[in-house]
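There's a structure below that I have some questions on.
Letters are used for the chains, namely A, B, C and D, taken in the order the chains are written, and counting of residues starts over at 1 for each.
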């Protein structure tokens, strides 16, 4: 899965001259946490996040209440946004996992996706990566979600594959990861199987040698 | 992306929008209380008849209502930002960048004196500050993306140098250059032929998926909307009366107007018997005189007192449809009984076996083309001809209807003009039999017998030009009677009134001027005028194509009724295959001046097909999303009629040519034979009968909805 | 029954006319420019009407005090011959707008003219008939009668002694400018409709001749016609009609080209109507609107032209005062008595400007109304 | 393109033909009225008749028309039997006809007092020396006749012993010259070959007069044109994009007033203000001091012409601009998010200028009318003034030639307009 497949396309964008108040309002009403700030032609100028609106104490300590409110009323997005050089950006053809690493390392919550050099084509937030995870595991569709633990060696996945072939079942989602909190070299695999029942799955997959069903449930 | 919409914000959200135009004395509310939203990657259709305010909504979104229009109340939010009262500069930045638009007439929308490339490039150079060469590369990419052949060359051309379908592709490519979040399309395919339209609609659907663009698609054509949209809003008299997912809207329309509209359109999906049309009574109220209660109240079959008194609010139905009707739950469209006066008496006799009244044999019509070299001007050059009609032959039994279909430029109008005498035939015979007298119809009008002139009359396409604006209805209907002396002068008035009543227009129309009539009424008067000389044969040149569907249904019903009553023979030209099927006993399909297929109407729409008919049927937009059509698209443009392809004229574009044993060599060189089938059904094709019969049917009703 | 049948369309037509006139008047007053223009024009019409019955002094009477400046006695001074400028400016509207002086002509002249006119109409009518097989005979008949008419009438005139009967001078209502425009309107409309509706060779030939007329510098044409034929109201009308006709014909042709594509023309053709029915019953009523507006502008041009020719010493003949002529006569003493020059100059200028303002405003309202 | 040029050529031919026929027959001078104008009312019928013969007016009108159009030198050459040619007279600058006898010998003939024909041999400086001609007569119908060129440069026929009496106006009065030729053919190469003959009014070759007159007019018209065009287009565009606003109303009304006021009215008012009241500028544009045409002289005439033309062009440009600004492609450009300035200059102006260019070029005829009036008003020695005086005098040759010049100017401007139109309109250029 590449960034272009899971990013939010056509993100809501605002102009640098927009009032900060308005930007804040747009963020609340549309329930977004990041607003790319763009000039003409969607060229990236900055990024507004929820944190941008937090007042910096040094700038207001000397002002009285009325001055603060007046100042806030005239505040423009360009005054509060994260500047372009500080924004994490990615290209649309990057892999999702690479993007996740970038976000993790920089401890940030969003990546702005750009194309030829600085035109915003989308935004990738933590939420989008979560969504990608959901999709990979076949979340929106109804089916049996089964977690199988198997030894980390060649041919193990082949067994499951052969079985699925025999049964003529399809797979809605799949994911593997090293088994957590287990001794030995094991991998857990999550499978999402539609059009079947818990019993059938248990009957079939449970019988495979060295494999162990550690979780099974009927979910949406 | 199958994300749930609950988490997502709409790209465009209109809330309670009212749009008003200032006019000389006061204001006109063009649009009232329109609310809807469009999400990313969704294509939202807006359908309605002319004058219901569809386009006004679109112009309001881009804030281009002209000097005297403004949004009176409500809000238009684009990605959460209010567009109403936005500054010009902010709007300018959004337009062409985040919001793009495609309009009805691509020729008009492109600047005639700038090269296409320059018009496209400036979108990029102005908004993005791209360099010329970079922008050019991107334009070429985008043009190839919309399947424009030879894009490097196209950008160097001027708009008039490419065809209408290609112009529309350029406009679409231009709109997509900046990857807009919202694309507004205002009747983008209305000016195009049906096969070209089908290709453009395919393109739109594909681009929507690829670019994740929200599309607002405005159309009057229920079939087109059914093909491209996911959500549909129905507008009537400036209000949105119903909004639903496309499948629900067509399968289970809630609002009486939507139901009425769907009953007005002939459908190719069903059988002929089920395609009875039921027009909506009354007419759309003008914007300055809308009823105070439900706008549809006066025309609604279910209207009660409350509908006339109280304006209904938009209500959300359990299945997610929103309807502006007080009694939406109670109305069951299945239980609807057609009103008595609309019900047609079924045909009492089979007219298809009658003796022919019109016999056309090998009729040809060529036009000279004016050359531009000095030789041509002096008349020395070789005369080039446009072969508008080539060897047309058919017979029309008395009292029956022959429908002639084909795309624009196929020669159907020329054929009819030749028959009626507006054009001289180049060669061939045409005979017209009446009361044991036979006339040769290939002579010019001035050389014709007065009796023959009287027996052939015509109904025209455009309601606005069918009547002379300077004379009253009575004068215009009375004139043929006066001229042919069919009615004694002192009885003309009563005869005109009788005809008017037959057209369901009262005597009070006698002294009206054309400008006081609606389009449908003008068309009725046009029919009355054609009938006034009591002709045996009436030629109808697309008499309903310029009319709204509800009016169209009424006129079609009227024509049928008249035929039953007067026994008139009808020749009916149309580009709309579904109308022809509903209306005709026989159908002739024309392509590039050549009749490709001829036969009884039912046979034309069933196997076997001519490959061209097959492509046409596959392209017709059907107002029923549950019907699936085989996807056959013709490649290239219609060749020029000056130098039509050799052999079979269709061979350059024929998708079935490869089925020929020799791979289609024969099609290029030899004229195809007429292949005869049942009931006089003939197909002009090289393909053997068995092959023609082995095609799959184009239209099939899906057993169940396919998975999304 | 028959009576009511006959009367009701007539009534409705009268009512129609009334309501359309009303709406036009309303239209004029919605435009401020048109209102101002109309006021100026009406002012001069009223001045002219008054001058028919009363002027401060007889416009042609001299008080033997030439070239007087403005004074209480002569508000606009006097001219070279001591005639009152105010009275002459007032009376100057007459020949332009209110009356046309027809000189004494033998009765035979009128008959011959009329016969010529009928002959021309017959010849024009004959041409399309010759093309249609079943009318060819009639067409030849018309052609022969048309050609023969003129010499026959001339001969009869002589025989009947009509040469001897001379009609005295008389005055037609409406001025030279108006008659000139009516002339160019009729001539241009017929030619334009014929060229536009028939197309083909008719169009080629008519337009080629009219184009030649357009390329001909009109001032030369005026000067030549007047030099050759002498000064006179009828000659001025003739000159204005001939020079104006090509413009009218062009407009009428474009109207006909537009209207002939309408379906109601097809309908008339499929009824087998004659070309004259189609041209004058079907096309003409729909083409006349823009032509009338255009002719109102042409009245302005005609006044412009009459003034210019008067200024060049080739205007309308005396004794009635003509503004252009007044300027021409007073010009040598421009430096000393400018008012003698300026008064008629301003009169012409304001009348033409007024007409143009009126038409311009009206036009703008009409086009806005159509939108 | 070929079709278009072909049509233009036909149009020129037809127009020139019609114009010349019309002029020639309407102003046919053979009725003798013109003789009275030339000779004065005191002249005797014999004198008039002699002049008519000298001017060739007794030649049938169709023949005269043909002579004037295509010339009669070849006809004369046949009659004379010798080659004839046109030579420049250094003292007057006019071209004169001589018989070319070869080897640089050019001669004319004159009948002496005694009925003896003398030959006038041309010297280098244009003067001649008389020599006896000897026996050059030949026999025709029993009479001895001779065709030659007389000392006025006309082809003339003498009959021995039958000399007619010619009346020639000299400085001392009328002179009776006996033994004059009995028939004259005023030699001319024909308008189509660039020679309009001798003016009846000035008795000078027309082809000498017209170029200088036309040059003067060209200066006047050119100055007005250079002044009008940029201004008018600018104002027209400004008014067009501000349709209905105050600035548009102001420009439109001033334009309307300018173009609908006759030139002589505008000119008189300008003279009144600037020449009579303020005394800044001269009221006449005649070069009295010999300093040539100066800006001071030209200002008022140019201003007068400008007032009329400016208004017209503004109105045309404005109307076209208004139309174009309502066109769907302008809407497209705005919806594409183009800045307004770009919309106007890149998308609108070019399309808006197409229509007025042809219309403005057609207006040249009114413009010529204006020039005539302005030249007469300011006494400016241009072609307009010449046309006017010729027309008033009835000088068919002078008027005809200058009218054909104006027709050619009118047609060629129209052609230029059409060409420019095709050039800026790709729809025509590329089809």
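The rule we apply is simple: a contact is a pair of C-beta atoms (placed from the backbone, for glycine too) under 8 Å apart; a residue touches a chain by one contact, two chains touch by 3 or more.
Small disclaimer: the values here were computed from a predicted structure and weren't measured.
A.B. asks: If you average the CA coordinates per chain, which chain's centre is most distant from that of chain A?
C.D. replies: With centres defined by C-alpha atoms, farthest from chain A sits D.
A.B. asks: Measure off the straight-line distance from the CA centroid of chain A to the CA centroid of chain B, and report it in whole Å.
C.D. replies: That pair's centroid distance is 46 Å.
A.B. asks: Whole-Å distance, chain A centre to chain D centre, using C-alpha means?
C.D. replies: Using C-alpha averages as centres, the distance is 87 Å.
A.B. asks: Between chain B and chain D, what is the gap in Å from one C-alpha centre to the other?
C.D. replies: That pair's centroid distance is 61 Å.
A.B. asks: I'd like to see which chains touch which, written out pair by pair.
C.D. replies: Final set of chain pairs in contact is A-B, B-C, B-D, C-D.
A.B. asks: Flag every residue of chain C that touches chain D in the complex, lowest number first.
C.D. replies: Chain C reaches chain D through residues 33, 208-209, 211-220, 223-225, 227-229, 300, 304, 307-308, 311-314, 324, 327, 334-335, 338, 341-342, 345-346, 348-349, 352-353, 355-357, 360.
A.B. asks: Quick one: which bits of chain A touch chain B in the complex? Just the residue numbers, please.
C.D. replies: 6, 9-10, 12-15, 22, 26, 29-32, 40-43, 116, 119, 121, 131, 135, 140
A.B. asks: Show me the residue ranges of chain C that touch chain B in the complex, using the header's touch definition.
C.D. replies: These residues of chain C touch chain B: 2, 5, 8-9, 12, 16, 30, 131-135, 261-264, 266-267, 269-273, 282, 285-286.
A.B. asks: Mind pulling up the chain D residues that touch chain C in the complex?
C.D. replies: 10-11, 14-15, 18-19, 22-23, 26-27, 252-253, 256-257, 259-266, 268-269, 271-272, 276, 283, 362, 365-366, 368-369, 372-373, 376-377, 387-388, 391-392, 394, 399, 403, 406-407, 410-411, 414
A.B. asks: Can you check the complex and tell me which residues of chain B touch chain A?
C.D. replies: 1-4, 7, 9, 11, 40, 79-81, 90, 93, 97-98, 124, 126-129, 134, 178-181, 211-214
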